[in-house]
Amino acid sequence: MQQRVKEKALELLRNGTVDRVIGWKTGEFFYDLTPAVFETAEEIEKDFVFSGFSGANLSKYAIAQSRAAGKTAIFLKPCDSYSFQQLLKEHRILRENIYIVGIACEGMLDMEKIRAAGCEGVVSVKENGEELIVETLYGDRTLSRKDCLLERCAVCKSKKVVIFDEMLGEQGDEQETARFDRVAELEAMTPEERFAFWRGELSRCIRCNACRNVCPACSCEKCVFDNDKSGVRNKAAADPFEENLFHIIRAFHVAGRCTDCGECSRVCPQNIPLHLLNRKFIKDINELYGTYQAGADMETKSPLTDFTTDDCEPSIVHERGGVK
Amino acid sequence: MRQDPLIPMLGEVTMIRTDTPDVKTFRVVGIDGKKPFEHIPGQCAMLSIPGVGEALFSITSSPTEPDYVDFSIKKCGCVTTWLHSMDVGQQVTIRGPYGNGFPVDTELAGKDLLFIAGGIGLAPLHSVINYCRHYRDRYGKIDIVYGSRSKDDLVDYPEIIDEWCKEDGINVHLTIDNPQEGWDGHVGFVPNFVKELAFDTSKTVLMCGPPIMIKFTLAGLQELGFDKSQVYTTFELKMKCALGKCGRCNIGDKYVCKDGPVFRLDEMDELPDEY
Amino acid sequence: MKKIARSELNALFAAIAEQKQLFIPADNTAGQAEFILWKDGVALTEKLNTTRSAKDLFFPQVENLVNFKVSDKKMEIIENRDPAAPFVVFGVRACDCRSFDILDSVFLSEPVDTFYKARRENGIIVTLGCTKPAETCFCGAFGIDAANPAGDVTCWLDGETLYWKSNTDKGKALTAALSVLTDCDENAVVAIQENTRKILEKLPLNNLDLSGFESDKLMELFNNPAWTELSESCLGCGTCTFVCPTCQCYDVQDFDNGREVRRFRCWDSCMYSDFTMMAHGTNRPTQKERFRQRFMHKLVYYPSNNNGVFGCVGCGRCLQKCPIHMNIVKVAKKLKEVAK
Amino acid sequence: MSVNEQFQPTIVAFCCNWCSYAGADLSGTNRLQYPANVKIIRIPCSCRLNPMFILRAFQRGADGVILCGCHPGDCHYTTGNYYARRRMTLLFSMLDFMGIERGRTRVEWVSAAEGAKFAATMNEFVETITKLGPNRRLEDLRCSKE
Amino acid sequence: MQRIGVFVCWCGSNIAATVDVEKVSQVLAQEPGVVFSTNYQYMCSQAGQEMIQESIHKYNLTGVVICSCSPRMHEATFRKTCEKAGLNGHMVEIANIREQCSWIHKDKDVGTEKAVVLGRAAIAKVHLNAPLTAGQSPVKKRALVIGGGIAGIQTALDIADAGFDVDIVEKQPTIGGKMTQIDKTFPTLDCAACILTPKMVDAAQNEKIHIYSYAEVESVKGFVGNFNVTIKKKARYVDETKCTGCGLCTEKCPQKKVPNAFNLGLDNRRAIYIPFAQAVPKVATIDADYCTMLKSGKCGVCSKVCTAGAIDYKQKDELIEQEYGAIVVATGFNPIKLDKYDEFAYSQSPDVVTSLEFERLMNAAGPTGGTLLRPSDGTHPHTIVFVQCVGSRCDDGRGKSYCSKICCMYTAKHAMLCREKYPDTDVYVFYIDVRTPGKNFDEFYRRAVEEYGVHYVKGMVGKVVPQDGKLKVQASDLLGDRQLHIDADMVVLAAAIEPDETARPLATKLTASMDTNDFFTEAHPKLRPVESPTAGIFLSGACQGPKDIPETVAQASAAAAKVIGLLCKDSLTCNPCTAQPDELMCNGCSSCEKVCPYGAITYADKEFRGPNRTTLIRRMAQVNPAVCQGCGACTVACPSGAMDLKGFSNKQIMAEVDAICR
């Protein structure tokens, strides 16, 4: 697959289907790939990489690139394709200027997890079926591939590429996942425990805005938190309240639009499980208003811009299960 | 405990004068009624209304004024709007002075000076002009070219007419962008006016105004045979903390608040075009 | 030189903590190392370095500078500075220790930043020599010896023993008060150092070539066409600046709670779109200019004003934490490649 | 004296202009008492209530926030309160998820004719909040009155 | 910063008894921006208003805060006061210290403290107020009525009477609607045609009324006062201007086997037809589904017989664009389909009929010429069973949960008419409840029972089985607590009524809201029953809910009155508190549009100056201030905070919050 993706990029550029390709570019090491726009076949030959470390969701780059002259090819893994389609639904991407190549995906690797497994000074990682052979400055290690997947891949919700012009590999399906388990665990705690949990997590926040800036749903021209005129701008959190406010409002703003692509948690330098906030909204929406997957199609109305006359009352929050 | 340079002192506004529809001049003294600090012409100070913000302004009064500092301020942002709405007696916070100022006692001494200003750009030069007037014998001939959108937009108009114009050895050349009733002076933009006036190239130029004016006036001066090393301007708008620490006002490796805000234009050639 | 058995580390920490607040790198709930106020039960991390640097203890992300009470036309300035408590930060790596030279050159030059100065005076830096540097380390490129860090006190740790060597008067005073330490020979750490240096030699970025960033190349570097490509995928987040031990840009913001106005200083990031926002707009309108500012500052502007010393210490945090894996190493290499 | 005897909560009530604000007026016209802790902010419709306003209130020292709007189906703007209902349900659930005490937030539908319901609701809400005590979990230390 | 004046009203003792007004005005004088603060016995009095006006001049006030009674009471008063003094009315804020303070508190300290806080909140808001001016939009003096039934006709006639042009769009070839199919009307038993057809003729002859029959609304753009409607006139293959309505073609057409829709398929008509004798316009229409000429190109009989030369087989659908100031929806109703009610054997026996079919069977112009005969064998029925609530008040999901309202009365009418014309018939009516509220309605029903001897049985029919030419009816008599078995000759089902199927797509075109039953919702169920919440859209007749004829006509006239009120104006004053997007912040994501109940938000691509002299094209929301009612739903849906509401902006509300929590 890794070779096929690269060949496809070359082919599309060479046969004139597209003028540029959004893909992943090689780095200093084997794992530090950077999303990049390739404009020549030479660049692709030299630097294009698709590997187990191509976790970065490229869909947000299509916003700008679809406005560039000519046509742009983009490679989308299944989860990325949901983000792409959601952006399309919000008129953020000009579809006619994008050529989408869907890629079947077996899950992407998380360097943090490899490091956390005690591998320091990692020189290379070789994939050998279900095993990873990790070569380090301090000796080789063998890890289970399953244990080194990105969080979102470990609980992959769908192997289906929902929008594409061309598909590389087998199209997959939506699948049952355990992605709400952690949310449910938290729900089962007492409010005091939950408060302690979140205070602990969010107090590490340094307001670097990586979660927001990487988020395909957070594609606002200018975020309210950056806008002087909004009256709620705050550049750096001066107080634990500020992080709460920022993360609650951010989650609220993407509620019904978040595809659960998991980028927010992937990029958080402080390892805050921010995806749990988004998943809480998704779980609530699914339970209260019927299952909804953002980006799954172009038609369904987002639950927050829709209603039924017999929706539950807000008091349900106080009434339903969990420890009081 | 020793005060930190970031912590301001209190000042009080003792006079507010409306100069143009969007420019007012504010006179500030310390709460002890005395001048808050001594400064060099071209230096700036940070005024702040707590809760509204801090902003940096050129000191428009001459250091030779013994009792106060003045700021001519155009209404354009949050802080300035607030300042424009306040009444005499209002307290503000002030810290400064900051920046290098114009080299009035070194490079400018003994020279024929040509001041070129557009709109509110007169503010930083005003201090220099009055300083030079005070120490008149230290400088040669003084020419002042000042232009604005209209007669009503000329800052310090009464002072210009009643004092500067009447003083020997000072030539004031006023211009406005468009013809206007009651105006029999020159009409036209500053850069063209400067070219028309065809100053001789022995003069040293102090220039301040909107970037577009600076750009074209400089071109005009060069046509006349001036060299960039004869021209000074100020970039005080870029200053942030004014202490050389917050890391935001740099143009290339120069910090406007430490190395500026007054720059000789030939120095700018070695700096990236990021201003 | 002094030493203490590794098994007795807790006793050492307890002895320090008796006198001053002690911060040590320890694992937090997210499995990352950070400087944590030591109390019994807090254990030294096994990790190479903390996610956030030791800078935070001297130049915190947010600090309350001063408060104002405003009523009618009058106002009152309320200084409410905490007298900084003396503290010790243990386990600072060589790279982070060097970052204080850079911060000092900014904050301790006239006019002195008294908030920073107070913390510097009250803080004792105990460094710890590296034994297992990571592939992302490139302190060597800046002439930093990870095997022999500076600081008020330098420590080395091997399987059994912590070695302790005081370098400054502050360090010596601290050492003198620690009776748990016993004397030992200077040569005891040579083996540790040699071992480290051997690994350092093998690091892929240890010999990063940083020539070509001299100040006479400023304009050429500024106008290098590679900036467009390099900055293209930058998200404009502040991760690199906030984990960086040498980034020190700040903003001053007021917060009005209706009863008083609190003035805070908070970190700013040159990557943010409003970094140089002025009353009439910004002069760095796209991410390219902002991105360029950060790297030009580290590689060119800062050295130009500071005798060629780079504004980077090679700690490798940005290499690990950048969401899109763009970093100073890639930038430096690409600039040189394109310049050729 | 215990803390609770002294504690006077600050409560912000957002009322839609057409039903609940009129309902609040009616409870005044009928001289129905409720504690002065409740301060009403008039908004055109319950759907105008941005979650940000609720968090803002907590930041600035509110101990409880209540939204009152027209009964579902009776919205002056036809559908506003249906959107408000979903938004508030999700927001309250999120606050609960983060461990904020249940009961600090509430939504009640009060028509222009329900002056008595308005007063009763406010009495009950003030009592709930008084029992919960001061808002500590969402407070902004910069606004702390202590 | 504003220069604010604070005016605290005593309201006699209403406020002053529980609030220390002097103290309130003193404390509020200390607030930032307050340059004048006072109190007075009655602010709303002439003297009070003059005091405000004088202060505005004297202190050069830019904002005014009045601490008084509810803004619902005097906000408009004080706005006018200030406007007279040259201050924009929207620079006034009211702190409600009467209804929401002095009247609910007894302790003066508590009341005073709260009044101060409410005053502070108002001051904080005024600081952020901006002068607002209501826009004006011109009114196109023409109305469109969609649906040409009795409701539409009545509305059109009333509007035309007031001197305005009005167009009727009717999807059938003739206007008249359901009422044309009805025989007699309750409770007076006068003939429907006799009262309806003159109105149809009036409409046709009225110079101000233009009828687009056999036409539908294709699209609607614009907003109140300025609707732009495209009407599709379907091809009827007959030139309306030439056809004289002689009817010769309808007699000569060889295609005779076309089910006659007007008689609900109880008999047949030709492929070219005039629905009934009094049709308006009286013009033939070719049914393209059956015409052999149109289908195969062979025939052309009608063309040959038409002396007027009106037949035009090449006629095409025609699109007509027209501008209107107001639109009235009068799309009416239909009986529901009974395919889910097979227990009544509707599909099995032609002698099981719906009430509307029964009307045709009783009608002199109907398939039987007015003699009640069984559709199956043309014999006279002796036992007739009426079943009420077929599909009404139904909660098993097969029918409608609501009461169809008219069935009780028309069934009583039917029963009564049967007994009157054919005294030898036994008539049974099975009902759940008999609902007869209405003038002379209950009397009418009681006459059916008492004078005409109709057997009313409380209970439901369980099953109808056609057997040996009879209909075996099994039913329960709840009052008698017994099972009944009736051998009936005819069964008449009072089918529930539902909105016409065209209503839902029409509502979408109009951005008018509907309830879950597809009835149009009214702006207020009590106070604005004939207006849609969408400005400029009015509701007439059964499209809003089940109605009988008098109610329909009453509502039709009411809707007309509302339309006339609108069209009388040369321009409309728009609500100044409308939503407004900040163009620089808008993402064009369409979230706001989705929650707007009025369709006030549209999108346009706009050019922006990008960094470094580039040009960007961005999709941006635009709010039509003439349509926006200012609910604010969009402001919360907008993630970037680009959408804000004038008069209730994010910052204003947060300033109030801050002031209260301070």
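Residue numbering begins at 1 within each chain, and the chains themselves are lettered A, B, C, D and E in the order written.
Simple rule for what comes next: a residue touches a chain if its C-beta (ideal position, glycine included) is under 8 Å from a C-beta of that chain, and two chains touch if they have at least 3 such contacts.
The model shown is predicted, which means the values in this text are computed figures rather than measured ones.
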If a chain touches chain A and chain B alike, it appears here: C, E
Chain B to chain C, fewest steps along touching chains: 1
CA centroid of chain B to CA centroid of chain D, Å: 53
Whole-Å gap separating chain A and chain D, where each centre is the average of the chain's CA atoms: 36
Distance from the mean Cα position of chain E to that of chain B, given in whole angstrom: 67
Centroid distance [mean C-alpha coordinates] between chain D and chain C, Å: 46
Chain D residues counted as touching two or more neighbouring chains: 51-52, 56, 60, 79, 83, 87, 140, 142-143
Chain B residues counted as touching two or more neighbouring chains: 86
Residue numbers of chain A (touch at least two other chains): 222, 224, 228, 232, 238-239, 304-306, 309
Interchain pairs in contact, sorted by label: A-C, A-D, A-E, B-C, B-E, C-D, C-E, D-E
Chain A contact footprint on chain E (complex, rising order): 516, 582, 584-591, 594-595, 603, 616-619, 637, 639-642, 650-651, 654
Residue ranges of chain C touching chain D (in the complex, touch as defined): 255, 257-259, 262
Residue ranges of chain A touching chain D (in the complex, touch as defined): 183, 186-187, 191-199, 224, 232, 238-242, 244-245, 248-249, 251-252, 255, 277, 280-281, 284-285, 288-289, 303-309, 311-318, 324
Parts of chain C lying in touch with chain B, wherever the complex brings them together: 65-66, 68, 70, 73-75, 77, 79, 81, 106-107, 109, 111-115, 215, 218-219, 222-223, 248-252, 254, 256, 261, 263, 265, 268, 270, 275-276, 278-280, 283-284, 289, 293, 296-297, 300-302, 304-305
In the complex with chain C, residue positions of chain A that touch it: 27-29, 32-37, 56, 61, 116, 120-123, 137-138, 200-201, 204, 206-210, 212-214, 222, 226, 228, 235-239, 263, 266-267, 269-272
